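Here chain A shows up in two complexes: once beside chain B, once beside chain C.
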Partner chain A sequence: MNFVAPDFMPVLPELLVLTMACLVLVIDVFLEQRQRHITYGLAQLTLVGAALLTLVTYAQAPVTTMFGHYIKDAMGDLLKLFIYLATAVVFLYSRDYLKQRDLFKGEYYVLGLFGVLGMMIMVSAHSLLSVYLGLELLSLSLYALVVTDRDSPVASEAAMKYFVLGSLASGMLLYGISMIYGATGSVDLQVVADAVAVQGKDNLVLVFGLVFLVVGLSFKLGAVPFHMWLPDVYQGAPTSVTLYIGSAPKLAAFALVMRILVEGLGALQDDWHQMLIILSALSIALGNLAALMQSNIKRMLAYSTISHVGFLLLGILSGTPEGYAAAMFYTIVYVLMAVGAFGVIIMLSRAGFEAENIDDFKGLNDRSPWLAFLMMMIMMSMAGVPFLVGFYAKWVVLQAIINVGLVWLALLGVLFSVIGAFYYLRVIKCMYFDKPEQSGEPITLSMDTEIAISANGLLVVVLGLYPTALMDVVRSGLLN
Partner chain B sequence: MGFEKFLFYVFALILIFAAVRVITVRNSVHAALFLVLAFFTSAALWLLIEAEFLAITLVLVYVGAVMVLFLFVVMMLDLNVDPVREGFIKYLPVGAAVALLIVIEMGLVVGSSYFATDQYSLVARAADYSNTKELGSVLYTFYVYPFEIASVILLVAIVAAISLTMRRREGVKAQDPGRQVRASRDDRVRLVHLAPEKKK
Partner chain C sequence: MQNVYLGIVLAPLFGAIIAGLFGRKIGRAGAHWVTIMGVAIAFLLSLVVLRHHVMQGAEPYNGTVYTWMVIEGIRLEVGFLVDSLTAVMITTVTFVSLMVHIYTIGYMHDDDGYQRFFCYIALFTFAMLMLVMSNNFLQLFFGWEGVGLVSYLLIGFWFKRESAIFASLKAFLVNRVGDFGFLLGIAAVLMAFNSIDYADVFAAAPLMADMTIQIIPGVDWSLMTVICILLFIGAMGKSAQVPLHVWLPDSMEGPTPISALIHAATMVTAGIFMVARMSPLFELSPTALSFVLVIGSITALFMGFLGIIQNDIKRVIAYSTLSQLGYMTVALGVSAYSVAIFHLMTHAFFKALLFLGAGSVIIAMHHEQDIRKMGGLWKYMPITWFTFLLGTLALVGTPGFAGFYSKDSILEAVHFSHVPGAGFAYLAVMLGVFVTSFYSFRLYFIVFHGKERMDHHTQEHLHETPAVVTVPLMLLAIPSVVIGALTIEPMLFGDMFARSIFVLPEYNVLEHLKEHFHGAISFALHGLTGLPFILVLAGLGSSYYLYMVRPDLPGQIQQRLSVLYDIMNRKYLFDEFYQSFFMRGSRSLGTALWKYADAGVIDGLLVNGTARLVGWVASVTRCLQTGYLYTYAFAMIIGLLILLTWFVTR
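== the complex of A and B ==
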């Protein structure tokens, strides 16, 4: 047997994150509670290091290594950079929240880093096996993170639901993978793609496996009708974990759909095109309608996530490079807005008080005009108000599907976005025009958090004015 | 070939029977034992296709370790499954109808003719052919990346399980071997100088 050691250079960022996660795990054991900020610092350092490694080895042309299980391409590297950035901001925002709640423990950062590793593996997976294993690594970390606050019955319930439904989704995905493997005889996405192109739709097993794959992916994305876990998990988890779940994993989920459906099963596009139309239309409609009726802001944002997932799928189902670029742009912008929105929620919470209801935002303008302004920008951007980045993201996605002739779907998207604008505007109304129920003290933030949230909110405005800057980066990532 | 086929059908029938009993039997200890039977018969099926290493691993790991642990847990927790089964009759018609529909649909689509089974026919091997060596040589070379990720998943599972269950409680009277070993004579023995008593 001939064995040549694989090229380890492309995998360096993954190796770094893995090593550092194990190191943090060991170092954390020897730290006193008051030294816990060392764990936090090491976690941030890991993300910075991984980002530097990814930048240094940025892919000019796609390279596969590890015997076809790993691919390094510009799309993967770009998504990884955004994953590091989103996670670093999440760690920063949640630091003070965790400290106030006696949850400032090493596990949050260790599991967070392992989650990042799982996302990185998904993003640069080149075989069905590594796709699945990366997804499991991320999911397992998330299940455990949801229940970090062990004494909260709501969190336990949410974690249990997430775990059971997540396992079901993994089962679906595995079943689909086994069908594809049975029909093509390989797990390597390139070999699968070639075999599918030859067999095409003559082979019913391929389409059958595709159905299971799409169901499994929709579960993980939270697309209607496989969305049931999402509101409960968003509401039940501690806000710091909701922030984590709602941000970087969406980037990995986008990569997952791209790798499996576009790269692996691109030849079956006619089939998954129809499935995604149904999923996205239902997600946009139900997500926006259900969000109207929520009084808990975390739950409201969960339903809003579902509607945004619908838009993401719109971009992918168009099946054109323009559509993929639009979907990737949308995902990145959504993560930017979600981090900001959950970030503001986390900053309103104090020791012994959770800002969970929309009513808790009443009179925020009197307590902290700057935070209220940032939240207003983020909410308006999510609603798709012109000259903010959320508007441009919706615009390019709708343009992509109109170009493939799905005008009715674009109209549906616009219609429900208009309906959805109501619940975003309600938050703004609460902040600016309502009197607070009890007089809250002004909000004090630490310096680094304040800078980060300001940058986050202002980025929504700046990117809204110059969207082409980000769009060019996304295009260059997808088209090389 | 005839006898092998006969064995296959015997084991397959036992496997299906055991698997059905796992989810229908009322007593959870019995369910665990039926699961053991299911593992055992699947190991026999693997032996039939000459996957000896996998068959033995299945028996050693699952029957020998995992299921024994499972039985302990079931016996200790004394689970009462009756409330879980409350809606069983109510949902049975819907569930059965959906299951039947899926089975029929799958039967229509997933015939063996669609899979490229002819590509993967059994290759006759010499008697000294080592299954284990063959598996090991691909597992640690061409599949080393997924293999390592699987080990990281196990590590995360350990971290998650410990972080969920370990609590530092105050005031627990436990021994600290380190302190016991470090103890010197001075910590234990105190010489007291007593003035001798005088008899009156």
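== the complex of A and C ==
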């Protein structure tokens, strides 16, 4: 058996991130604490370099390499670009927060870069093996990131829960993969797809495998009833890590669902369609209802994430190209809003003070009218107020499922969005109409952070007015 | 030319924005300068347009400036349709508006809301121009509502006065009724033609002439009639035709310059303009034309009667406006659209003059409006007196004056018409000439001649008003006298409106008029011997006798005919009926809905009930999130099992 060297050109961005992550790990050891910004700079540089490489080699047509385990296509490249962007913004927002807490260490960036690598592999996975590889690489990085503040009991508890439950979910996913392999004799998604098309859903092993796969994916996405880790982890982790977990990994999770369910098991659409209906309806209902009762804003946003995941699943379960485009649009917009919302939380925190409760937002308008305005835009967009991008995202998703005749599900989504508007608006009410509990001094931000958060908040407005700009990009990504 | 058109609408808007948003910074002088400059630019550009389209006979311009959105093939746009009809309208509007702007400097001199006032009138000018220059129904409606809004704001300008608030609300609500019809009309156009662009609709209209629709099942109605009557209901609201006229007399609560600009010269004529613009539709429906004719003649005659018994100087002129609007509507009803526009234009000048003259009197009398406390003013304020006299002569239709040409043309047009109702209309408008003459000269004699009935203090301070007031009076007096003689030939008998107004041959009464027309001078000379002029003289004579020779007589007549007087004094009981029926009815309906539907069902059951339910469910879900790892793992396993059994037992 001859070994033929695979084509390394398509995986250049991954190779760069891998090399740089290792390099940062080594360099960081030799740096003094005051030189730590070099680590930060290198991490950002890595992301920029990867983005440039991805742009230069942007896929015109799908290419598989690494013996069929890896695929480079437009959807993957597009999602990767958004992953780099989201991660870069996350690094930027959390820099000052980490400094104030003595957490400004190399680990955050090394683990962050490895997480990005994991996401890239997930996005470009073309076999169940690489799916699992990427997923575990990301998950292990996240487990460790949650507990970066290792003296914090809350963080340790959260990390422990995350790790145990994550292992359980990984186990289920692996079990599902083994069943699929048993039924089809391959892990290559193309081969699996062909085999499934022949066997159909009469094969009970296939359906069992599908259920286990869906459970594993649902855990990663945080869909009800596999969501319970999410509020605890969001609340327990340092806000900088919550910011990381809540943003780019959602893009990767979306890609994962697309790769496995749509590309690999598309022939079983009737089956996963029903499962996703249950999962999404439960997620939308429970996420919105539970968020109502929260006083901790990170926890509230965690439940809000669950409800947004429900919406994302709506787009996918419609099973049409418009539905996939709508879901991808929704994911990107959700990441934009989540980064902004957690970004504002992180900026309100100071040394020795965590802005975690909704009450901490009281009177924000007096302290920093601009931040309050940006937060208001983001909250309203999350609630789906018209002419902000969140509204359009919800609209295209609902349109997609109405087109396949699921009007009742659309109505359910709308109904719970209305209920959900309450807790978003409560934040706005706190910022504008309540007096602060302790007199907070005005918020000072570094220049680059301020520009980024302004751009982030304004993008919510601008994309709301010109949603087609982003929608066209998304459609072009899904076309080939 | 498109830039010129844009300049015409944008210059007043710019002035309004500056005066409105930065009024405090630029001060009083800044506010009046910026708005006056804006309107002056619009006026000068209007003259350019007038020369381009009327003198040089350029092709009508029909173009889109901005496409707002396209919904299933229906284009929502901002666009201009500029032809000679538009050119006449914008020139009239901007000229009167400019005069009123200048006049306002004097009239509002001591008012706190000086900048706000200038902002409003400039904004009004913008909205009115958008209305008349529109090339589609949407923009027409935008302008329509825009002028309505500013009218509401200005009637209630002195918002601390109870009566002003009431009047502004009344104007707004009554106009809602009209606008409801108007919107339905636009919707019907959209439904029938699938377009809201004038050009498309007018081109397709002849094909639709015989179409019928069923609104009540089983009854076929002509589509064109339904559309036209609905649109005309809108015009009835805005142009104050019976029975939607009740708001106009009350609108006199606003400052006098507004009465001149909005409630006499321009806004109230929007309905007239609209019908003239829609002539290709109205021509197709004889029923609608008859409806228009009858409504117009009732307004023309019966509102004139009410002018006789009013004692408020502005209300007399307001009823006169109602009556004159009736004349214009009559002209529309007999398909003499160009005559209606002609009368609209002459009326704009002399009615603005009369209102501004009345305002000048009011300033001199220290804001006293009751004519019973005036008298003999002519020697104190000669310019006001003389211009007011000219305005009165124009209004009653003295041969040679502007009003004569337009009013006599209307009388002749009705005379030649064979539309059902024309006989009644002819009687009404002819009798109306006498009534007009009677109340106009009554007002003139009581205010400017006879005994001086004001108190001593006022009398001592009586003097002519400042130049910012009298100069606009003089400038308005000129067209009030000459504009009729100068323009009758091109406007009525030339082909000036040939491309804007469409008249079917069988309704073309102007052809008959043209046969008898031999130049403006002979028209006036012929008028000296006509029946209308005799009626004018009769009105003059009887008012002179009653109010100058025997001032005791009117009181006696009033006592003898007390029932009639009472009905007229209560304005034919329209207000009472509306208040007891619609107002009280809708209020009790509202109260019932509020108490039972809103407070009971919606608040009690739906809103609070849902909130309670949601809160309960939320607290239950919160309990599920125990914080223990085994609960979480258990939930995952349960979820997995449920999904598995779902597919196995399927």
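In the analysis below, the second predicted complex is superposed on the first by the 479 of 480 C-alpha atoms of A that agree within 3 Å, B and C clash if a C-alpha of one lies under 4 Å from a C-alpha of the other, contacts with A are read in each partner's own complex, and residues count from 1 in each chain.
Keep in mind that, in the parts below, contacts are C-beta pairs under 8 Å (C-beta built on N, C-alpha and C of every residue); 3 or more make two chains touch, one makes a residue touch a chain.
Not measured: the values here are computed from a predicted model.
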Exercise for review: Using the touch criterion from the header, give the chain among chain B and chain C with more contacted residues in chain A.
Suggested key: B
Check your understanding: For A:R34, is the partner it touches chain B (first), chain C (second), both, or none of the two (neither)?
Key -> neither
Point to revise | chain B versus chain C as contact partner of A:L133, first or second or both or neither | key: first
Review point. Thinking of the overlay built on chain A, is A:V215 touched by chain B (first), by chain C (second), by both, or by neither?
Key: second
Practice item. Pick one for A:M179: touches chain B only (first), chain C only (second), both, or neither. Key: first
Check your understanding: Counting only touches as set out at the top, which of chain B and chain C does A:Y143 meet: first, second, both, neither?
Key -> first
Review point. First (chain B), second (chain C), both or neither: which does A:L289 touch?
Key: second
Exercise for review: Could you tell me if A:Y70 is touching chain B, chain C, both of them or neither one (first, second, both, neither)?
Suggested key: first
Exercise for review: Once the structures are superposed on A, label A:V164 by its partner contacts, choosing first (chain B), second (chain C), both or neither.
Suggested key: second
Check your understanding: Regarding the shared-chain residue A:K435, is it in contact with chain B (first), chain C (second), both, or neither?
Key -> neither
Revision key, fill the gap. Intersected contact list for chain A, partners chain B and chain C 204, 208
Point to revise | chain B - residues contacting chain A, complex | key: 106, 109-110, 114-116, 119-120, 137, 141-146, 149-150, 152-153, 155-157, 159-160, 163-164
Check your understanding: Any idea which chain A residues touch chain C in the complex?
Key -> 160-161, 164-165, 168-169, 172, 204, 207-208, 211-212, 214-215, 218-219, 225-226, 228-229, 231-232, 271, 274-275, 278, 286, 289-290, 292-293, 419
Study note, to complete from the structure: Residue set of chain A touching chain B in the complex reads 1, 3, 6, 11, 18, 22, 25, 66-67, 69-70, 105, 107, 110-111, 114, 117, 121, 127, 129-130, 133-134, 136-137, 140-141, 143-144, 147-148, 150, 179, 182-183, 185, 203-205, 208
Practice item. Write out the stretch or stretches of chain C touching chain A in their complex. Key: 614-615, 617-619, 621-622, 625, 627, 629, 631-633, 635-636, 638-640, 643-644, 646-648
